[in-house]
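Both complexes below contain subunit A, partnered by subunit B and then by subunit C.
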Partner chain A sequence: MVWKIGLLLIFSWVIIGTWVFEPPMSSTFNPEIYRIFYYHVPVALVTFIAYALAMYQGLRYLSTKKLQYDSKSSIAALLGTIFCVLAMVSGSIFARFTWGVFWNWDPRETSIVVLLLIYLAYFSLRSAVSDPVKRANLSAVYSLLGFIAAVFTIFIWPRITPGLHPGAPGDSKIIVMSFNTLIVFLPALAAFIILFLWVYSLSVRVASLQKET
Partner chain B sequence: MSAAGKSGLVSKTLAVLLKDLRSELRTRYAICAIIMFAVVTVVAVGFATGGITLEKDLQGILLWLVIYFASMAGIGQSFIKEEENRTSLALRLFAYPPSVYGGKYLFNLMLLFVLEIIVVPLFAMLVGLQVKCYVLFFSVLILGTIGLAGTTTIIAAIISKTSTKGVLFAVLSFPLILPLLIMAILLKRLGGVAGVNFLCSSNVCLRIFTFRLCLE
Partner chain C sequence: MTKLVPMFISLLIWFVLWFYIIRLDRKLKDIEKNA
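Coming up: the complex of A and B.
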């Protein structure tokens, strides 16, 4: 209960802060657009956290062989995929108003499509195996493999390929967040992480209750 | 694991490799499939682009696509074969998971190298291949093949246990191999091998590790 009230308060602060303070990167042309930064970046980071959690639970399943970890791993991967789609949509809207088009196959955009494909393949693997133990073994191994490729597509590929997204090579602007940006951005990050953990624990409880009945 | 030690691991890896080589020489199924597929693709590409001089970037892309899809045709069989002949259980009794993976991995690597020895000159003849720097070209080719074999071998092991084998192999291995494939294609522009090097080493180590966990 404390967490839910806390989440409500943090989200209210983030939504107010988004509109009250000056936008991040206020020196650029048309700075108002950059207010989406407070939602786009935390969602993308939560995607990574969710996939890391899926990998961790897969690893725990392989070392203990308890099916509860397999269901945790698949829930984390599912939530990660939802956050991945959210990051993609918010990024696409962001791109429409900064670069002019919704989608232009920037390395960052291509890499998020590949990331999505990796985890969609994970779910098609799960649906192809009917035996629960076998499915748990195979999908745990795949979640490990997929995470290696995910780390590469998130952190390395867009940083060594020229593109428009911040962080590409040759990108001279280093984002320095001002104090007013940080006091909104860090709560936003915390809020999305808490939101993810809350939905995750709810889904884990639902899955375990469904198993009992 | 500890009882047999390291020498047992190596000798069993080689035994799995030899077993695969011997059964391959008897049937020549995988090598025929993979080479026929690649030759047909190269001929089709050469025919379709006949008379046009392709850009260097495009040549690299087409070469990798031919190698990738040819490997799809052959490597998927490496574990399905064991399931169909009902020998996978015997394999599990006989060897430790790392040596099963290692043997299959070395076998698939040899298969891909044989494929490349045939396909690369053929591609150069029919489509045209302008190489700027031979050292870079061959190191990218070799490293890319090592990564390709590592990924497809473990995916082949995963899909051999599922019901829709052929389709799932492409679905699973494509996104995992895509970063590697894109790096290999982009490398001419980047002028370095750091990306592929990193990916290969991390892939191979972690794949052997997870494979052990999977079968234990």
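Coming up: the complex of A and C.
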């Protein structure tokens, strides 16, 4: 219970810090929108963690052949996809007020759509196979390939293709976070990761109860 | 005011979400005990 109250307090601090301090990039054209940074970046990071967890549980299934790991893998992939949509929506709002339009097929935006399509295909694959063992085998291998694709689409593709998003080649701006930004951003990262793990463990418990009944 | 209103609305949403997950957690524990 202590960590749950801790999460309540940390997230409340993040929300208060978002509005009380100066925006992270106060010198830019529209600084107020930069407050979304405290949510957009952690949500994108949790997407990656969730897909990594899906792959890990998939590998555990392949090594033990226990179906509970397949269930855990699919739950992690589902939560990763929810966080991926959140990253996409928050990024789109961010883009509207910094680049002028909600969507302009920047390499970062395109890569997240590709990532989302890869994991939507994962769920259609799961729903197409009725045999649980065959479904688990295929899903485990797919989750491994999906994670490799996630590494490519999140970390490599947007860094080798010119674009507007920070980190694109030719982007000379170095983002230095002030102390006030760090004391909100780091708790935000921790809070989103804890929230994800909490919802993940709840979902796993629900799935195991459903199997028992 | 332009910062306080969204801050309090966000806090309210977060508190509601937190209590909702806590309730789910407790219900789940009860079901697990009775199972």
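The rule is simple: the second predicted complex is superposed on the first by the 213 of 213 C-alpha atoms of A that agree within 3 Å, B and C clash if a C-alpha of one lies under 4 Å from a C-alpha of the other, contacts with A are read in each partner's own complex, and residues count from 1 in each chain.
Heads up, the rule we're going with is that a contact is a pair of C-beta atoms (placed from the backbone, for glycine too) under 8 Å apart; a residue touches a chain by one contact, two chains touch by 3 or more.
Every value quoted in this text rests on a predicted model; they were computed, and no experiment measured them.
**Q** Using the superposition on chain A described above, determine whether A:118 touches subunit B (first), subunit C (second), both, or neither.
**A** Only subunit B; A:118 stays clear of subunit C.
**Q** Going by the contact rule set out at the top, does A:129 touch subunit B (first), subunit C (second), both, or neither?
**A** Once the two structures are laid over each other on A, A:129 reaches subunit B alone.
**Q** Who touches more of subunit A, subunit B or subunit C?
**A** B
**Q** Counting only touches as set out at the top, which of subunit B and subunit C does A:56 meet: first, second, both, neither?
**A** A:56 sits against neither subunit B nor subunit C.
**Q** Just subunit B (first), just subunit C (second), both, or neither: which does A:19 touch?
**A** In the superposed model, A:19 contacts subunit C only, not subunit B.
**Q** Contact-wise, after the overlay, does A:212 reach subunit B, subunit C, both or neither (first, second, both, neither)?
**A** second
**Q** Contacts for A:146 in the overlay, against subunit B (first) and subunit C (second): which applies, first, second, both or neither?
**A** Touch status of A:146: first partner only.
**Q** Based on the superposed arrangement, let me know which partner A:102 touches: subunit B (first), subunit C (second), both, or neither?
**A** In the superposition, A:102 contacts neither subunit B nor subunit C.
**Q** If you look only at subunit A, which of its residues touch subunit C in the complex?
**A** 4, 7-8, 11-12, 15-16, 18-20, 198-199, 202, 205-206, 209, 212-213
**Q** Help me check something: in the complex, which residues belonging to subunit A touch subunit B?
**A** Interface residues on the subunit A side: 59, 62-63, 110, 114, 117-118, 120-121, 124-125, 128-130, 134, 137-138, 140-142, 144-146, 148-149, 152-153, 156-157, 160-161.
**Q** Which residues of subunit C touch subunit A in their complex?
**A** For this pair, the touching residues of subunit C are 3-4, 6-7, 10-11, 14-15, 18, 21-22, 24-25, 28, 31-32, 35.
**Q** Going by the contact rule set out above, which residues of subunit B touch subunit A in the complex?
**A** 151, 154-155, 158, 161-164, 168, 171-172, 174-176, 178-179, 182-183, 186, 190, 194-195, 198-199, 202-203, 206-207, 210-211, 213-214
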